[in-house]
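The following blocks contain the structures, represented as structure tokens.
Consider the two complexes below, in which subunit A is the common component and subunit B and subunit C are the respective partners.
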Partner chain A sequence: MRITQGCFSFLPDLTDEQITAQVQYCLDKGWAVNIEFTDDPHPRNTYWEMWGLPMFDLPDAAGIMRELAECRRVYGDRYIRISGFDSSHGWESVRISFIVNRPKDEPGFRLDRQEAVGRNLRYSTHAYAVERPEGERYADR
Partner chain B sequence: MTIAKEKELEAPLETVDVRREFADLGIGAVLDQLDSELIGLAPVKTRIREIAALLLVERIRQKMALATTFPTLHMSFTGNPGTGKTTVALRMASILHRLGFVRRGHVISVTRDDLVGQYIGHTAPKTKEILKKAMGGVLFIDEAYYLYRPDNERDYGQEAIEILLQIMEQQREDLVVILAGYGERMEKFFQSNPGFRSRIAHHIDFPDYSDVELLAIAELMLQQQNYRLSSSARDAFIRYIAVRKTQPLFSNARSIRNALDRIRLRQANRIVSRLDRVLTADDVMSIEAGDVLASRVFSKGAMDKET
Partner chain C sequence: MNFQSTTVRGKDRYKSGVMEYKRMGYWEPDYQPKDTDVIALFRVTPQDGVDPTEACAAVAGESSTATWTVVWTDRLTAAEKYRAKCYRVDPVPSSPGSYFAYIAYDLDLFEPGSIANLTASIIGNVFGFKPLKALRLEDMRLPIAYVKTFQGPATGIVVERERLDKFGRPLLGATVKPKLGLSGRNYGRVVYEALKGGLDFTKDDENINSQPFMHWRERFLYCMEAVNRAQAATGEIKGTYLNVTAATMEDMYERADFARELGSVVIMIDLVIGYTAIQSMAKWARKNDMILHLHRAGHSTYTRQRSHGVSFRVVAKWMRLAGVDHIHAGTVVGKLEGDPNTTRGYYDICREDFNPMQLQHGVFFDQHWASLNKLMPVASGGIHAGQMHQLLDLLGEDVVLQFGGGTIGHPRGIQAGATANRVALEAMILARNEGRDYVHEGPEILAKAAQSCTPLREALDVWKDVTFNYESTDAPDFVPTPSIAV
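For the complex of A and B:
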């Protein structure tokens, strides 16, 4: 099941050229660009691991694309996203976030129903991928 | 029909008007500016013209869909202090930007301290950070030979050099590196790092300025600051240049700039010393012979002759 979170996730995967254009847009707006990766696709997993430090004060996207290539080389089997953080007063939050790399095979989620007191049902989503230990989740899929 | 039209546009051109191409890019204006604002430096200007011509032809070839390879644009500027290496590097960035060979046209000027770290593992991130900043523009490394210290084999400079070489080779489209430094030491640097020499296409040597050129530089500097030399001050300054050149630590245009700063100081002092006077704009602008002749350079020169 294809994960859809952040911008552009219902579109076909962005090409490198398109990613460059998006990153350039972030830099032109003065946002700090982050590269983050994870192998836990749960939608509530907000804080992904960061690849290096946030990147700002750069005039051109080429340096960030180089970092992304490096990150893909090491964590090519995981989800990688790029986010742009706007530090200006009144925003101070992430303005854009989009997935730039995903595992070849995404096994998707199972819906768990827990029967609680008084015929209540509690629902939770369970990613099949997390049944294996961290770091091996998408290794040979 | 629109598709047919688009195809027509994409088809390689068979003829290109060189004059129009030249005018469109506005290289002429940049080169003229170079000619008018930089005095002397004939070999440098010729070389820049050649590079500009090559880049223009390369663009035309692209339009004609002929095979093009991205030209190697890394450069090395050698010359004595104050011969205009940094100034030309700044101009170079704007020329390359106009021709479309660098995307942003900014210059990041660094020295050894900015690239080389202080402990193991510090150098690589530091160098990469600078390279990231310079992407899409020009990286100007002043006194590049300090990167390599042959007397210390555990020096981290070597690490910075390796990263630099790698990026210079792999990301030629993204970054132009300009190395600068004094002639002899750069020569030594290239000898011990042959990788650098082969990756740099343009070696440009900056000659020293002649007396006439130095005077022209001084007059240009003064003109930009709304000052001018009176005719007697001009004669005095010609003598000043001749004497200053023979003294140690002479660094071409930089020495001239410093001399002018001191002359302005003395001029201001002269004006302020007589308070009961009505000044005209002319008085404030003009520099008199006395302002120049009060320089220590003359007294020192005279003393040297006596001893």
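For the complex of A and C:
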């Protein structure tokens, strides 16, 4: 399967040239750009690991693309996303977020159903990847 | 117009009998509205032979303290403070016989935090007043002091996006069709297909409550199975607006509680439940971490005609105060009423922290929202993937685009329809961010995206020529000079 979190998951994987253009868009808006990675793709896993601090005040995308290349070199078997953060009043949150790296194989999720009172079911979404310890989840897939 | 005060003062003012409203203190052309005043702008169409100033003063009177005759009991109160004051009357541009009346109301006239109380005055008896042919509430200026007495949207645009983990693009939805007649089991099928195919939300229609063909509990149970299945299939948070509209508050609370118990992220109500019920549900939603979707069912009965009723921009202001998170606010290009400029005005009212006066958008006053949460506008009704560039241009990024027919009517099924919409949207956002002239290159951008997405190609083929070009019934009346500033 292919997880469809983020802004561009329904398009073919973005090329570095396309990623550069999106990063430049964020910088031109005055947003801080953040690189994050994870091997737990649960839709409610909010806090992916940060690859360093968000990058404030950068004039062009090249520096961020270098950081992305470095992050990919170390964590190329995990999900990596880029987000743009807008600190202006009334927003003070993420403005855009998109996946820029995926594990080669995405095993997806199992839906667990627990029968409860009446016809109610308790649902939980279980990522197959997290059956292994953190750091080994996509190692030899 | 007549700019002289005609108010009778001293003891003559309280002599028993009938006195013109403009002589009773409801026409005060020298009055300077206070920062804390509520201001209403009415479009007044007096009966033939009625003096326009008197008609406008009567609107001020009948929407505040006046009755048809002088009463001595006024003298037991600070009557001058409580009288609404019409302070400005302008002829409506290119509409002979109609007048814009600016009326200021002291803040003490209104109960804090109550839309019901506000509207009981402003659109109460006065709309049936015999000396008027027609009356329309065009806009309101709500002072910060009053705005601050309201909860505002239970969740707000920013927190909604954070909760759903969806940023940088409009959200996508679809209303389940056919809107009536599906069983719970079949209904859930449509929800599953649409969400798995790529939509963020599906939606009950306004008149889906609990009918013989589908009891509400059946719908909720099957819908949540569908939502959770789609979530596991995509790794993405999904939602379906479960309509909890019902006959009584007790029923609505019961349904909302069940939706929460099942883990839904969003519930839905209809405008027809009334202002107090809406505010109650907004409080419930805030308390239960629930996004609250409002369908504006019924609004066109009083918003659509320019001469009489209440403008939707006023309803939008009331709903932002009342505390809903989503409101249907028009598509411009779709099947329902929507002049582009007027619609722009509605969207600004929902989403901005400050609305400057913009007569071309029908916005007559500067309006501060004092950091009240933002309200997500929803565009629904007769839109399809082929219009994506226009929708993005006209409506912006913080909007839910609802493709009902435009998803479910896809020749290769609902999932394909959903995928077509999502791909079209992502391709357009990508192009916009790259700095392309996406409005003009829109069809090219879509065609390019369709090369690697068959469902999009099929959608574009089926709906390429569908447009709804009819003349609008509610465009702003203004002269393009900023002369109406308060």
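Simple rule for what comes next: the second predicted complex is superposed on the first by the 140 of 141 C-alpha atoms of A that agree within 3 Å, B and C clash if a C-alpha of one lies under 4 Å from a C-alpha of the other, contacts with A are read in each partner's own complex, and residues count from 1 in each chain.
We take it that contacts are C-beta pairs under 8 Å (C-beta built on N, C-alpha and C of every residue); 3 or more make two chains touch, one makes a residue touch a chain.
Source: prediction; values computed, not measured.
Trainee: Of subunit B and subunit C, which one touches more of subunit A's residues?
Mentor: On the superposition, C touches more of the residues of subunit A.
Trainee: For A:Gly135, using the defined touch cut-off, is the partner it touches subunit B, subunit C, both, or neither? Pick first, second, both or neither.
Mentor: neither
Trainee: Look at A:Gly30 in the shared chain and tell me whether it touches subunit B only, subunit C only, both, or neither; answer first, second, both or neither.
Mentor: So A:Gly30 meets neither subunit B nor subunit C here.
Trainee: Under the stated touch criterion, which partner chain does A:Gly90 make contact with: subunit B (first), subunit C (second), both, or neither?
Mentor: A:Gly90: touches subunit C, not subunit B.
Trainee: Quick one: classify A:Asp57 as touching subunit B (first), subunit C (second), both or neither.
Mentor: first
Trainee: Could you look at A:Gln18 and tell me whether it touches subunit B, subunit C, both or neither (first, second, both, neither)?
Mentor: Only subunit C; A:Gln18 stays clear of subunit B.
Trainee: Counting only touches as set out at the top, which of subunit B and subunit C does A:Arg66 meet: first, second, both, neither?
Mentor: first
Trainee: Note which residues of subunit A are touching subunit B in the complex, please.
Mentor: Subunit A reaches subunit B through residues 55, 57-64, 66-67.
Trainee: Using the touch rule from the top, collect the residues of subunit A that touch subunit C in their complex.
Mentor: Contact set of subunit A toward subunit C: 1, 3-5, 7-12, 14, 18, 21-22, 25, 41-44, 46, 83-84, 89-98, 108-111, 119-121, 123, 125, 127.
Trainee: Residue numbers of subunit B touching subunit A in their complex, please.
Mentor: So the residues of subunit B in touch with subunit A come to 103-104, 106, 131-133, 135-137, 171, 174-175.
Trainee: Report the residues of subunit C in contact with subunit A in the complex, numbered from low to high.
Mentor: 158, 161-162, 165, 167-169, 198, 221, 224-225, 228-229, 231-237, 261-263, 353, 371, 374, 419, 422-423, 426-427, 429-430, 433-435, 449, 452-453
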